[in-house]
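Following this message is one structure expressed as structure tokens.
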Amino acid sequence: MAAVQGGQRIFSPVLVAGPSPDWFNWNQLNNLIIALSFGGLVFYSISYAKRHEIFLRRIPGLDAVDEAIGRATELGKPILYLTGAHDLHDPSTIAAAVILGKVAKRAALYETELLVPHREPITMAVCQEITKQAYLEAGKPDLFKEDANFFITADQFSYTAAVDGIMLRKKPAANFFMGAYFAESLLLTETGASTGAIQIAGTDSDHQLPFFVTTCDYTLIGEELYAASAYLSKEPVQIGTLRGQDIGKAVVLSAIGIGIVLATVGAVTGAQWPQLFLDLLRDLK
Amino acid sequence: MTELPFESIVGAWVATGLTLLIFSFLYKDNPLFKLAEHLYVGVSVGYVIVKTYDTVIVHLVVKPIVENGEFALLIPVAIGMLMLTRYVPKAAWMSRYAFAFIVGMGAGLAIPRTVSSFILKQVEDTIRPLLSVTGPDSLTFSMNLLNPASHLNAIIILLGVSSVLFYFFFSIEHSGAGKAVARTGILFLMISFGAGFGYTVMARMSLLIGRLTDLIEFSDASYGRPTVWLSLLTIGALFLLARRGRAQPPDAH
Amino acid sequence: MIFLRRQLPLLITLVTGLLFAAQYYVPHPASEQMLTSATKWLQIVGGFALILGVTSLFHQHAVKIRRQEAGWGYSLVLYVGMLGTIAVGLWANGKESVEGTMTAFGWIYNYMMVPLQGTMFAILAFFIASAAYRSFRAKSREAAVLLVAAVIVMMGRVPLGEYLIPLSGDVSSWILNVLNSSVRRAILIGVSLGAVALSFKIIFGVERSYLGGGKE
């Protein structure tokens, strides 16, 4: 009932603006349906993963995490981990913080020093909690240092100058760049590369990917950042989420395929009905 | 010629000096860069503190409460205060309320907006008819590569989107036919990264030119030629530091 | 106690998460109003959080100065820069200029912050060249493809480039408008699915590591 109504309203935008303010924007019904179905799919996949084994292909950048931490341990040098330029509002920062937990746990097991300079105080506080928990889980709570996570400044380039300084003076053997980045990315990674550190980046900032790819040993591209915690933890909850994302991608690909066929049929025959379906795949405001 | 104000002349000397100290980083990490770096961090934090005080405390909290009686603003103030409980180990858990609020809000805001601009919008832009009707009974397939909206380009875009999306499948092994598709995806990715790289080069060069233009302006006699004198001073200092470094064993820090 | 420490924060995340997700679909002015206020609230909370950050910074450098660690003089420089800027900034009421005249705070901004920022940014010009060289040395097929695309696009954007490599302008705009935009689309779709899945897990308390502490 509602869907039909939504579909009709899409065709008659005049009706959308009624005299009294609306409590639901029917143009965004498709958005809501997509969000809810995808959410449902993710939770279904999680429960499926708890009962079944799910195959995950290799991601070289994530295999290299252990190698990087191991090398830092061998050389007796610290590990540098950055959580990006955004605050906790951005899911990519949360993803970076979750991965920090996994890296910190390994650092704790190997008893290797961890340095996490921050640009955003709330992220710093949350990362302190995550790191503390990681050291507890590793059975090394006495090695945990509150100031492993520290604040430098909220300003983009002075932060960059300071982190470059850390790279050049403390010479960490492994540098991790996770989360969102802007123009500072190359200033950080090129300096890191010059010190000979193993560098692993993971970002969804597509404009910075070219610079990470050229200067880092491994780069987790876009969605791989969100997949990293699943690979590192092997927990069914995380692996199930990835399975859900994969099904989501398959659905998107099918929708594009069907959409193109319908659009072509519409263009060739001049019929109006394909447009009805295509409107479901449009971002209407 | 009009006399420049005193603060502009001092400003030119300071700006030139700091520019040269930062540029000395290109030679190597050295005490001059360290000096500029620490000063920069200090000044930027000071700047952020003042700006936060002015916009947040004065304009978002005190003024609205005192002038308009917006007492609801005490709620975020309380949430902010909760964060400071981290200094009291026994009460530190209360800071979680603040984190929960911020993270929850971020997650809530992200879902519909991401679906709108990054899923629906992208799918909408990719769906294009692969043929069009130009006259009675004549179907056209436009091959013009230079027109991004041509049918041929629509197919190439479809190929790019699908192969790159396939590359991101995590629970499928990239073998057999899948390997070929994933490799196509990687090819598309690399071309795109190269394009992004090439596109940015000129923008970065113009930034450098902008910086050099300032240095050239400050080499003018009206400023007392700071660029000339300070360049000599910086080079001299780097030379002396290098000599001292050779004479003494390198320090650890 | 467990409820206050563990469940209540998760409940807060659930409620705020659902509320702000729902806000998007509600065109009512009240919903817009809620979003505006919440944005303001976040700014206020963020302002208080700065205290955490500054304390951390102060502490790091205080330790260095107290122990007279190597390079403690630089920490002193940092303190002077910070306290000086705060003093000058508060004196000027946080304004860079008053009635068109630059204040001392504005002077710090224009003659210290701007050149420092501009110079760090300008260093990118050198780094982009060394990064290109790094990728040139990598000698892999992927790196070669990347470099060729980079050269074509770079050439296509300057008149001289088109003179040296004919058609580079057309090829470059084709790469940017067709190939690059298709890749961007795929990356965005993938990232979105990851971000939305993570957001759902956060709202429903499946992902809770940001709260730290196991069962306490």
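Letters are used for the chains, namely A, B and C, taken in the order the chains are written, and counting of residues starts over at 1 for each.
The working rule: a contact is a pair of C-beta atoms (placed from the backbone, for glycine too) under 8 Å apart; a residue touches a chain by one contact, two chains touch by 3 or more.
Bear in mind the structure is a predicted one, so any value in this text is a computation, not a measurement.
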{"item": "Subunit B reached from subunit A - shortest hop count over touching chains", "value": "1"}
{"item": "Centroid comparison with subunit C (C-alpha atoms), farthest chain", "value": "A"}
{"item": "Winner on C-beta contact pairs when A-C is weighed against B-C", "value": "B-C"}
{"item": "Euclidean distance of C-alpha centroids - subunit A vs subunit C, Å", "value": "14"}
{"item": "Euclidean distance of C-alpha centroids - subunit B vs subunit C, Å", "value": "6"}
{"item": "Interface hub residues of subunit B, defined as touching at least two other chains", "value": "22, 25, 34, 36-37, 40-41, 43-45, 47-48, 83, 86, 98-99, 102-103, 105-107, 109-112, 115-116, 119, 123, 126, 158, 161-162, 165, 168, 189-190, 193-194, 196-197, 200, 253"}
{"item": "Per-residue overlap in subunit A, given as positions that touch at least 2 other chains", "value": "28, 31-32, 35, 38-39, 87-89, 91, 94, 122, 125-126, 152-155, 157-158, 161, 206, 209-211, 213-214, 221-223, 227, 245, 249, 252"}
{"item": "Where subunit C touches two or more other chains, by residue", "value": "21, 24-25, 42, 45-46, 49-52, 54, 57, 116, 120-121, 123-124, 128, 131-132, 143, 146, 150, 184, 187-191, 193, 195-196, 198-200, 202, 210-213"}
{"item": "Residue numbers on subunit C that touch subunit A, as the complex places them", "value": "21, 24-30, 42, 45-46, 49-54, 56-57, 59-60, 116-117, 120-121, 123-124, 127-128, 130-132, 134-135, 143, 146, 150, 184, 187-191, 193-202, 204, 206-207, 209-214"}
{"item": "Subunit A - residues contacting subunit B, complex", "value": "28, 30-32, 34-35, 38-39, 54-57, 59, 87-91, 94, 122, 125-126, 152-155, 157-159, 161-162, 164-165, 168-169, 206-207, 209-211, 213-214, 221-224, 227, 230, 242-243, 245-246, 249-250, 252-253, 255-256, 259-260, 263-264, 266-268, 270, 278, 281-283"}
{"item": "Subunit C partner contacts - residues on subunit B that touch it in the complex", "value": "7, 10-12, 14-16, 18-19, 22-23, 25-26, 34-58, 60-61, 72-73, 75-77, 79-81, 83-84, 86-87, 93, 96-116, 118-119, 122-123, 125-126, 145-146, 148, 153, 156-165, 168, 185-202, 204-205, 207-208, 210-211, 214, 251-253"}
{"item": "Residues of subunit B touching subunit A in the complex", "value": "22, 25, 29, 33-34, 36-37, 40-41, 43-45, 47-48, 83, 86, 95, 98-99, 102-103, 105-107, 109-112, 115-117, 119-121, 123-124, 126-133, 139, 154, 158, 161-162, 165-166, 168-174, 189-190, 193-194, 196-197, 200, 253"}
{"item": "Subunit A residues within the subunit C interface of the complex", "value": "21-25, 28, 31-32, 35, 38-39, 42-43, 46, 87-89, 91-92, 94-95, 97-98, 101, 118, 120-122, 124-126, 128-130, 132-133, 136-137, 147, 150-158, 160-161, 183, 186-187, 189-190, 193, 204, 206, 209-211, 213-215, 221-223, 225-227, 237, 241, 244-245, 248-249, 252"}
